[in-house]
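Written out below as structure tokens is the structure these notes cover.
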Amino acid sequence: MSLIEVRDLERTFVLRRRSGGLRRAPSTVPAVHDLSFSIEAGEMVGYIGPNGAGKSTTIKMLTGILVPTSGEIRVAGLEPSARRTDLARRIGVVFGQRTTLWWDLPLRDSFGLLQKIYRVPDDRFRRNLDEFLELLDLGPLLDTPVRQLSLGQRMRGDIAAALLHDPEILYLDEPTIGLDVISKGRLREFLRTLNAERGTTLLLTTHDLQDIEALCRRVIVIDHGTAIFDGPLTDLHRQGGSTRTLVVDLVDAGPAIEVPGAVAWKVEGPRQWLSFPADASAAPIVAAVAVAYDVADLSIQEPAIEDVIRDLYSATEPRP
Amino acid sequence: MLHVAVATRAFRRYSTYTAATMAGIFTNSVFGVIYSFAYLALWHENHDAGGYDATDAVTYVWLGQALLMTVALWGGGTTDDLAERIRTGDVAIDLYRPVGLLGWYLAGDLGRATYHLLTRGLAPTFIGILLFDIRMPAGPLAAAAFLVSLPLAVTVSFALRFLVAATAFWLLDASGPRVLSGALALFFSGMVLPLVLFPGWLGTLATALPWSAIIQVPNDLWLGQYPGADVLAAIGFQLAWALALLACCALVLRAATRKVVLQGG
Amino acid sequence: MADGSLGVLAPARSYVDIAVLWVRAAWAYPTSFLMLILGSLLITALDFVGIWVMFASIDTLGGFGLREIALLYGATGVGIGFADTLIGSVERIGIYVRTGRLDQMLTKPVPLLVQVCADQFTLRRLGRISQAGIVFGWAATYVDWTPARVLVALMMVVSSTVIFFALFTGFSCIQFWTTDSSEFANAFTYGGNTMTEYPLSIFPREIMLALTFVLPIAFVNWYPCLYLLGREDPFGLPTWLQFCSPIAAVVSLAGALLIWRSGVRHYTSTGS
């Protein structure tokens, strides 16, 4: 059996809208609908979708915080909401926007308490802590109260905290949100190492496509509560027909650039936007443009998740 | 005009907490019932303790419960906002506003008090009338005097709370003074026991302190405990404390402003 | 992975681990901490001054003298003080729902109630407990002690703690359904405490019956103290009730835990 198995999952919410006085007109919102997937041990899976697609709801059901309306979930053979505390020992959860650490206490105390809560034997705790302190550069921060840490420092602390007990699965909910570029890169490096060396299964929900590109070989796209894509990342681009954009700043304004493999869809003075298929290399197009035109500068824009998904629906129509 | 707007806005803001208000009215009523029986037992032993009879005493209880949230004896008024803003440093913005900070918060507190009077004031009173024998005001003059005494009571309470909140300018954490002043307020306002029962020097002291202006005086005006012109003296007592304390607030505010300007909060 | 969990004791150990951490953090500022306790001792002393002032005008209240009422007052004060210490953040559960902190707690392998009760554990109430203890101790010097009475007194302290704990927990659960009405519980917890500071003979029979058979608040101090003071039940209820505080405690706790479980189930079924 797979490590995580989700079958025909349903979760509806009842919204109580107060329409004047005490009368309430209840409406049901299907947050998750007919969702099925399985994840094997050791996989690194990206779980992406627009806001309100049902990502957080799924994670809550996987961790046992929320009970499904119907359908089956098994994580490590356990039903999450029924066996919450048993499952909790085997998973780690990192919430991007809220910390699991104790706010007023130094980092060191949070870690010490977690050791006790998770009953991690001393030697294993020491080993893990030393490794994470080094990889995540937390040594100098051990005695700082959590509320005084910066967002990036706190995130690193949260990740270490989630891993001290050697969980089999790590759920990350928007882990790189608000981080600067350098911190993001180091975090991704750390997660890659984690998966490679310890075989920790990663389930990552994020808005940042770069996170996905860097970490996940497999992607599940969820939209309006249901999975609209589940497969390798490379397939995603191909299937979605998504495009990347090359932004070219010419020395002088001119007519629309014409090069093979790209279409200029916007011209504003000397700046032009060219779109080309996302799975194609940008190099030949850049070379072609540079040869034929006087280029002052150029840059490449990645497609937004929303665009990728939107394209998934209109796969026949290449953009724009 | 501006201060009326501030008061109205405060009124509206507090009116959004309906569930909390209901819970609060329930709690007020429960305590009203408890103290009513306690006082009935006391006055059963001593029929005219403190110059009250049993009905006076029970009326006193329900008036106290009705006024409790209105005067925000423990907090829950706009001074809580002030304390929070001092803690976060946002108060610096307030100090540079063209409108006086003191007047601003006072107007807000009076607006809030009006809301609480109409909800957590009237509701327990009705419940008290339903359950027990309550004495109504002795006559139109007593009723009028009572109404006049209310904004004064709120002002005195506000000023005391303001001073406590202002300690946050100097201490990092105003919660210590707040708890202490809350306990003193509870005791010396007459909420724990009517001040008229306090014997000897304790009684004299209690009636002179500002806290008595908050609950004891309005209650006694309702009960008609002040013969003739003493009614004016009672209201004058409230007024005197209100002005004196507001003056203290202004002085403290000036010192605080200086501190903020010189030291950056 | 999970090394031998100690079964029933495991939650208690987790509670102690978390609570100790909070105490250590507070102890980082010893002077502030001690001042807080001293301050609350003085403040709650004012509370008893009120009762003492009462007795400036009367000799007995509801048929009970000052020392007897002091016994009642001390007993209920100690009970609610201990309970208040043990419940930690239970009264604040509405805030935890709103801020998402409850979700985080649910991802840890510790029962939710343990985590909530241990969260922000503070010994702040030591002041109030000491004050109530002092009053009780003073009143106790006038009790005619027998081994049976000592046993009843000990049972009373434990039972009153458990009963108040159950009241705090049970009534705070309303915050799982509406996060705004935390004050609702006060009527029963602090209200229960205030009620039992007085001899229940001041209340009409209906209220006393409610406090015996509906919400067993009367078992916090009234019934055991009747035994300690060697008094007849003013309402004529059977004497064996005076030994029933442990039963009342168990029943209240069971009820509160059921309500808690139902509240958590509601939360996990409807989300926030």
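Here the chain labels run A, B and C in written order, and each chain numbers its own residues starting at 1.
The criterion applied here is as follows: contacts are C-beta pairs under 8 Å (C-beta built on N, C-alpha and C of every residue); 3 or more make two chains touch, one makes a residue touch a chain.
In this text, all values refer to a predicted model and were calculated from it rather than measured experimentally.
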Chain nearest the global centroid, as defined over all protein CA atoms shown: C
Greatest separation from chain C - chain, by CA centre: A
Centre-of-Cα separation between chain C and chain B, whole angstrom: 29
Gap in Å, rounded to a whole number, between the CA centres of chain B and chain A: 53
Separation of mean Cα positions, chain C and chain A [Å, integer]: 46
Chain C-touching residues of chain A, taken from the complex the two chains share: 13-14, 57, 60, 63-67, 81, 84-86, 88-91, 93, 95, 98, 100, 102, 104-105, 109, 112-113, 116-119, 121, 165-166
Interfacial residue positions of chain C with respect to chain A in the complex: 1-3, 5, 13-14, 17-18, 21, 24-25, 99-101, 103-104, 106-111, 265, 268-271
Residues of chain B touching chain C in the complex: 17, 19-20, 22-24, 26-27, 29-31, 34, 37-38, 40-42, 45-46, 49-50, 176, 179-180, 183-184, 186-187, 192-193, 197-199, 202
Chain B-touching residues of chain C, taken from the complex the two chains share: 35-36, 39-40, 43-44, 46-47, 49-50, 53-54, 56-62, 178, 180-184, 186-188, 191, 194-195, 198, 201-204, 207
